[in-house]
């Protein structure tokens, strides 16, 4: 599904965020991306849906080099990926309902389908009753769950979730992670960057650990630990 | 699908307009102010032009005839000239009357010249279509048989021609400058209001929204705001101009200030302003969004 | 502490100006465009006023004397009148010369009136300070001993007075309107650019920053931007006006368009524009920030 | 230090975020505020430094009713409290150094003192070398630590930290919490709203639990648990 070959990213100000990473994620996998703060987890996910372009290396999505994509193909790429952003990135002038519906409108779904799916997804992340609230009328955890709902509502091929439970209590975190697992069982590839060591240890999925922008560990059924 | 998109754009634009009501009002007001200034100047320019044309129409060529001139033949010749607007024959009696009038109270000075003693010749008064044609016409006429002398206010005409050209150049220049200023004001306003939405546009891009999907509502919103501003401008200008016309009519002594009331001319000015507002709103939004679409 | 705050404001304003360079340039350009329009109109108004005054100065009262009038005494009386600008004595010979000139080529008509036969009386030509004083002056003069008749172009003077009043009213109205428009444009621009910083201001408040601590840099920045815009406007207007003056001087026939070149007047206009830019930038920022300080 | 008497907060859209809470926090205490997402933790902290005004009830700070404060006193109140915001709220046009320095400039500290203290604090939260970065050039966890640095640099009487470790890995989270404990030992009152159950359980401080806007538990040396 996703392949990275010797990918490096040096930001404009000279910070090397990701260094020489090669990685292969197959269709249907469930991957935890772990590492200390500033290790390059977010940068790696941004490279995959082309928010950022790598300084060197190649990135393939479904066998095609995304660095050669034209504008239309970039759109298609992003429509096939559901992203949960670490900083939420909700549309501030749209209600919760509209924010989630927007992800479906973008991919051209019918209004009927939107009216069915959006409330169902909001219920699954525990936001029933908050449909008409604007993002600045939500608690931190509620905003985060809107981000999760927006990513999963379009049933994408791949879900990239960057720290999706950072503002959630343990119970809700577990529910959200279970939700990702259910979606993964239906065949969706899931990549989650996280600091939730308890959940990583409990779920025993593939764990990819970064440190200082380098890949330091890649383990099936791994646990939360990195470095020496 | 296309209809679907149109519906989407309209709905989004409506939502955005109501949720950002004050931003919209501010932008519309900016557009209105710009267009009022531009429109007021257009009206001034149109009126200046008409005023010059009225002044021009007062310029006459005096053609004095020999005593034995063939009046009919000359009349035909004059009528055949290009650029002649009007020809009037003034027999010498009438010429004397006019001279007396010019003398006013002292007309008794001329009392010895009545009847047979009238030293004035017969004459034609010729009006040209435009003041600048007068010198050439005068020269042509002076070669006609039976013409004793041709006279016109040479200095006056030359000055008039120069002033006319100047008024035209200045008016055109000012309208172009003001137009450019208005466009600049409008585009900058829209761009400033867009900065606040920069993040929004970026997010939409990352969600895979196509450029037109993002632009559409912005452009429609811009057009609505632009049209609203233009309507306000046209209403203000129209009312102000109407009031001015009414007031000027009440001052009969300002005979030489005859405001333009030709409905075609006024409609094309006001219509042009409306179109400009609409266009500016739409194109301005389009250009402003473009900058933020490079994600 | 006060010095410290000033230093803080200056430093913050400088940092903000360099980091938001394009926003600053856009705002300055908006201010420049507004002030150019306002300034151009001020110049037009000042020139129109001067033009009217020149036209007024051509209005003369003709005072015809009785044959036995005491010229010295009358001259004193006229000089004693309020509102008289200039008095000129015209003996009857000179009167005849002027009449002949007016007759132009046909002056031979008057050849019988030379010397002893001259039917014209001696006269004074009186110029008033303002056209509107002419009717009153004329009436006063008509009661002086030795005055045979007083004449002036009554219709002409009345029209002139009305036009002058109109030009003044229209010019003042337009300047006020344009000024209000410019102020509105500038304040709205600053407010729009402030929306982007709304969050910033809120954060500062929550950190315990006092209102002046937040406002200071914004106001200083606004003043710099306003002054920059005003400087651009004054430079543009100054260069344009200088060019116009030079061009008009080269057209000697446009005798009646004598552009205002009085340095005091021009300096006060340009200085006023600079002050307006500075003030608007500062006060505009102050007002705009205020809205966001209510946290 | 802080007293709340029957405090309720109903937001403009009718959401009752905090209901009839009475609470007393003494000088030098260390309090964890826990509860599920949307329980009202953030609202409670916002009430204390007067970002929000309560719908009913009274709030006292150092014995004085903050609801009667005029503008000058509100400034003084906020200057005595160091707040870590859940959504960071860094000044986007200031560098990391300037963001932290700003908290000192606001309370009128000398430039010399600023030059000494800011780098020291940045070093303690592990951000040495990031002084000249702008917030949008930082990872999520780095931004969060800038927020922590800004709150503690002015050595306030009270620290209110809303979810200060949500974007931090376990090791860095522990370091930050240890930092708060050190500061608390110097006499600073510390109130931390958090979901980090592992840290709450390890540190054994006073725990105040909210649920649906109500105070459901208040326990010295408590552990992470709420509800029935």
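A, B, C and D label the chains in the order they appear, each numbered from 1.
As a convention for this text, a contact is a pair of C-beta atoms (placed from the backbone, for glycine too) under 8 Å apart; a residue touches a chain by one contact, two chains touch by 3 or more.
It should be emphasised that the depicted structure is a prediction, and the values quoted were computed from it without experimental measurement.
One simple way to say how far apart two chains are is to compare their mean CA positions; for subunit A and subunit D this gives 29 Å. In this assembly, the C-alpha centroid of subunit A lies 67 Å from the C-alpha centroid of subunit C.
Rounded to whole angstrom, the centroid-to-centroid distance between subunit A and subunit B, based on C-alpha atoms, equals 62 Å. Residue positions of subunit B touching 2 or more other chains: none.
Subunit D has no residue in contact with two or more other chains.
Taken chain by chain, the contacts form a single closed ring in which each chain touches exactly two others.
This structure has the following touching chain pairs: A-B, A-D, B-C, C-D. Contact residues of subunit D toward subunit A in the complex are 11, 13, 15, 34-38, 42-43, 86-87, 126, 133, 137, 139-142, 145, 162-163, 166-173, 195, 197-198, 224.
By the touch criterion given at the top, residues 23, 26, 29-30, 33-34, 36-37, 40, 105, 109-110, 113, 119-120, 149, 151, 155, 158-159, 162-163, 166, 174, 178, 181, 184-185, 188-189, 191-193, 195-196, 251, 253-255, 257 of subunit B touch subunit C in their complex. Of all residues in subunit A, those touching subunit B in their complex are 49, 51, 71, 75-79, 83, 85, 89-93, 102-103, 105-108, 150. Interface residues of subunit B facing subunit A in the complex, by the touch rule stated above, are 1, 8, 16, 19-20, 199-200, 203-211, 213, 295.
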